[in-house]
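Labels run A, B, C, D, E and F following the written order; every chain starts at residue 1.
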Amino acid sequence: MTIHVINPNSLSDVTEGIDAAIAPMRAVSPVAIETHTLSEGPPGIETAAHIAQVVAPLTKRVEDLTQGASAFVVACYSDPGVAALRETVWQPVIGIGEAAVLTAMQRGARFGTISIQPGSIPRHMAALGVMGVATRCAGDLALSLSVRELSDAQRTEARLRKVGTALRDAHGADVLILACAGMARYRADLEEELGLPVIDPCQAATAMAIAAVALERAAGSKGS
Amino acid sequence: MTIHVINPNSLSDVTEGIDAAIAPMRAVSPVAIETHTLSEGPPGIETAAHIAQVVAPLTKRVEDLTQGASAFVVACYSDPGVAALRETVWQPVIGIGEAAVLTAMQRGARFGTISIQPGSIPRHMAALGVMGVATRCAGDLALSLSVRELSDAQRTEARLRKVGTALRDAHGADVLILACAGMARYRADLEEELGLPVIDPCQAATAMAIAAVALERAAGSKGS
Amino acid sequence: MTIHVINPNSLSDVTEGIDAAIAPMRAVSPVAIETHTLSEGPPGIETAAHIAQVVAPLTKRVEDLTQGASAFVVACYSDPGVAALRETVWQPVIGIGEAAVLTAMQRGARFGTISIQPGSIPRHMAALGVMGVATRCAGDLALSLSVRELSDAQRTEARLRKVGTALRDAHGADVLILACAGMARYRADLEEELGLPVIDPCQAATAMAIAAVALERAAGSKGS
Amino acid sequence: MTIHVINPNSLSDVTEGIDAAIAPMRAVSPVAIETHTLSEGPPGIETAAHIAQVVAPLTKRVEDLTQGASAFVVACYSDPGVAALRETVWQPVIGIGEAAVLTAMQRGARFGTISIQPGSIPRHMAALGVMGVATRCAGDLALSLSVRELSDAQRTEARLRKVGTALRDAHGADVLILACAGMARYRADLEEELGLPVIDPCQAATAMAIAAVALERAAGSKGS
Amino acid sequence: MTIHVINPNSLSDVTEGIDAAIAPMRAVSPVAIETHTLSEGPPGIETAAHIAQVVAPLTKRVEDLTQGASAFVVACYSDPGVAALRETVWQPVIGIGEAAVLTAMQRGARFGTISIQPGSIPRHMAALGVMGVATRCAGDLALSLSVRELSDAQRTEARLRKVGTALRDAHGADVLILACAGMARYRADLEEELGLPVIDPCQAATAMAIAAVALERAAGSKGS
Amino acid sequence: MTIHVINPNSLSDVTEGIDAAIAPMRAVSPVAIETHTLSEGPPGIETAAHIAQVVAPLTKRVEDLTQGASAFVVACYSDPGVAALRETVWQPVIGIGEAAVLTAMQRGARFGTISIQPGSIPRHMAALGVMGVATRCAGDLALSLSVRELSDAQRTEARLRKVGTALRDAHGADVLILACAGMARYRADLEEELGLPVIDPCQAATAMAIAAVALERAAGSKGS
């Protein structure tokens, strides 16, 4: 049995980052954890059109993987295709956006969200509305770094510290979420510097997938 | 390493029911799972005074167990002592009430809650307020059965079906929560009869404890 | 210049019903109003997968129509593709679900929603969450009629009256929404029988499209 | 048939500004649009007493205009008399405050409101509470300019830019509302400078009145 | 010094009922309590126009009474003129609607409201929106009795029991509000029959006026 | 008959400050007002464990005082034991946190809260969630002064001004709450300097206790 973590964009180095982020969980997972790149996806998921266009190939991929699958994780903070997959396969389907928020709700009173670009913030607000948890969000601020600037780790770290500090001190956040699939390597340092829990959504979602596998076991698998 | 599931009331047969509910999870948990009865607790936790009075002995018990502990589950739907324990130990502390609600939020749009007695409903409403998720709750209805009536499985089943049907049809719930630590044995049948997911809070919380253990592993354990 | 009303399912008789519903508005519209059937769409939009799959052909169709277009209406209550279209074309894009809710908010304190099937209610709840207006919704009840039963006008009318009465009397709705693109012919009678305003979403959305055309004119058209 | 836009304060130059703001809409309106000054009103509507005192003369004026009227717009952001007029005449009655908020909800995820004086902000918060949309508001900031300062266009523009920038950057607004009947002439420039949609409430409300006329036509006029 | 309780409708027998309801408080009030009938008011306050029209004479009356006044209570559940009076006089001004809700919030988790006529329920919903407490309301049901039927005490009692029972059992209310200035005489019996606290708004508001007098004393009177 | 105001921490000088804050109310209270120190309590209530541990001795003290008691005030902003006491004694029990918020809701549209330490803010957020009034809170900022710094009145005043100004100007608060039992002596000056009402929670709660005594009188005492 396997938990499949699917990066719905086509960039395999993003998938590699995700794999590195969750690798330590393999030692504690009751089932294998595999990461996948949706090569049919766009190179990044930044628009509502992107979100819609990955649903069909993502569903196809999930259906191909369904034999022996324990759970699926969709590794994009916008949770593309999660609703569709939940209607399609019997296995638990975890979106990393939803998982990060539910995890943050257990770690603090109000969470702050660090986004890459301001353009994704309205999507995040919509997702919080769907979840009915808007009052738990202290704020959502963007790094506003270009792809090139993001490749400069030092610059990215400095910007993360600045935005995280603003969420903590001006907005009152007591837990932070890195609202992107590819920032896990900055998590631990940021947590230590700011003195707040910092959630990586891929790690949170993979943990929730492990939980779902355990819960299915207790409940009697619907697939049996 | 061990996940400790502590029943904060003094009734060992309740603990036995909890143990049976989560037993299948042992096969998929990366760590041992032990159940405990808080013998210093009251025979049932039905008032705000009960909730307060278990905090000290529960904290003492948790501190005694902290060596080699991976996570703690407090197995009472009112989540007594969870806030205090989170301030006391570095390990994840999971309340079954919070865990059930977070799990239900992933399974449906609006959850219905089946309580044992009407007197606990205001407490549940307060907890939803703290979580900021009141709009996700379709309704909370009580079985209103006495302890003696609850010991009659057939009567309890009939009442669960009636209340669950009302939550589904009159209140619009598409997922149900059994708001008590001791109803797991009715879960599967109710789920099948009503055609809705039914969450047992002890199972949901133990799954979340397993998730927390996995997440700690990825994040680098704070205890290391 | 033209307002294009696009039925994103492939059933041309649904489009004909929409056309009949909005036909009286042509006399008061400053621009032409054309209805279209998305022949590439599924015969009905009932799942998250359907919603995703219409986005690409709907966007293609809208782009083909963009020359001379004043505004677009997406004539499915789930508002498929509306977010994507808003990122793609400069013209106003109106979803009939959003338009119906905004219109109902001006006609009463709490709206009741009459859905065709219970399966769409969670989607409606999610949409209210995105809009941030969940507390304005008195309830959402389904007709639960099969396609064949829906073709029986008398039966449908009887069921509409029953569900509308329940929303008014048991849920406290003071305005109703017909949460489907194809129920306009029942609107006036239901309104008279129940003594409450009843909103047809295609009519509400087309009116909002006319408003958007007027507002663009005042604001200075972005397309000029 | 005519849409009547009534400025409930006694200043005819405010009415002239409103007329200029909506003048381009006359070309696309199916009915005439007339602006009126409520000479019996106070010179400005700044208190709850002002709001109450205009209801009677405003109702009288509306009743005098009812013959041949298609819809009424009350051109004050506090929406004085709108509830009373809706109980009095069969025609649609549009308040510019409500219309601006509903329009902004279609243009962005969270709206920022630019008020003239801080004293009106609590009233705006109350109105958002009535509408049930408080979570959609990113913030409400005041220009805090005196009447004399407001007559200095350059100073007003500079202050609008500053407050609008704060709402966009510090509060996360992605659409702005000019919360006053008399600021339309600054709208287009502010929109261009800030890169966000900026809503003028009189324009938004007149557009909604045109929509209401169209919707009445489709629904079968209640007045026929 | 005196607390002035003003019935803003013109019916002196309503005022007499209010006076009887609060009479026992005179023994514990630090200041005199006088009841007044606003003879210039309408015989009942049932529309938005009524609410507006009482503001001017009510303000005039309050200004006439301001010398030696400790606080003012506006004894109509719609709280007409309360916002205007708060801008006009330095003394505390208590609306019985607001006071009843704040009192109920201290007595239970979710309050049910018993209205006389369904037509007032949308107004109550608006008021809850302004207060930001909509999620605390379990439901609002109307007696739907005519004036003549209300004069039949036995019939009114039976209807109160029925509506109160529905709020308790079907809506989950654990405290009730009599949403009218003239129902105090039914309060105690209803409380006993239903086993829930029942709030009379005039009594709640007069108590809050006494509190306000005490708080002013501690704070140092603004009027001194 | 007596209103008992109990400081649940063991510091008698805190009790003295509370006594001084409410002393002027004795002249207007219909019953005596006595202040008490819970010597069994911790020297300060700063953790969830502290909150739980005071419940038993506080309940014991309240039971000892019940003869001749009119009402009880728990003088700690976290309202420890209030829920338990309400289940135990028939007299009204007022928590100063709840009372301060309810009082602030009558004085402004959005309240700002001034906390001593940032660590208590999540608890305040939870309390607002229970009350269902999160949208009424403009913000909660901490003085972040040590006990030693708090003993420097000049420094404390300067910090109160700074934090209060931020709540007023950057967060939009129009009424402030001093979220601590021991800051009453700064209240009047802060109110005057900032031009906003400033609520001391002990004064607000004692006023509400007086109200509760009056309301009991009107309702017919449950204790009679």
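Worth a mention:
By our rule, a contact is a pair of C-beta atoms (placed from the backbone, for glycine too) under 8 Å apart; a residue touches a chain by one contact, two chains touch by 3 or more.
Just so we're clear, the structure is a prediction, and the values are computed from it rather than from any experiment.
Steps from subunit B to subunit F, taking the shortest chain of touch contacts, total 1. Distance from the centre of subunit A peaks at E, each centre being the average of the chain's Cα atoms. For the pair subunit E and subunit F, the fraction of shared interface numbers is greater than half, so the two copies use mostly the same residues to meet. Per-chain CA centroids place subunit A at a distance of 41 Å from subunit F.
Taking each chain's centre as the average of its CA atoms, subunit A and subunit E sit 51 Å apart. In subunit E, the residues that reach two or more other chains under the touch definition are 126, 129, 131-132, 134-135. Two chains count as a pair here when they touch; such pairs are A-B, A-C, A-D, A-F, B-C, B-E, B-F, C-D, C-E, D-E, D-F, E-F. Across the complex, subunit D meets subunit A through its residues 108-110, 135, 172, 174. Within the complex formed with subunit E, the residues of subunit D that make contact are 47-49, 51-53, 55-56, 59, 81, 83-84, 86-88, 126, 129-132, 134. Put simply, subunit B touches subunit A in their complex at residues 21-25, 27-31, 94, 98, 102-103, 105-106, 131-136, 187-188, 191, 200, 203-204, 206-208, 210-215, 217-220. Within the complex formed with subunit C, the residues of subunit E that make contact are 121-123, 125-126, 129, 134-135, 139-141.
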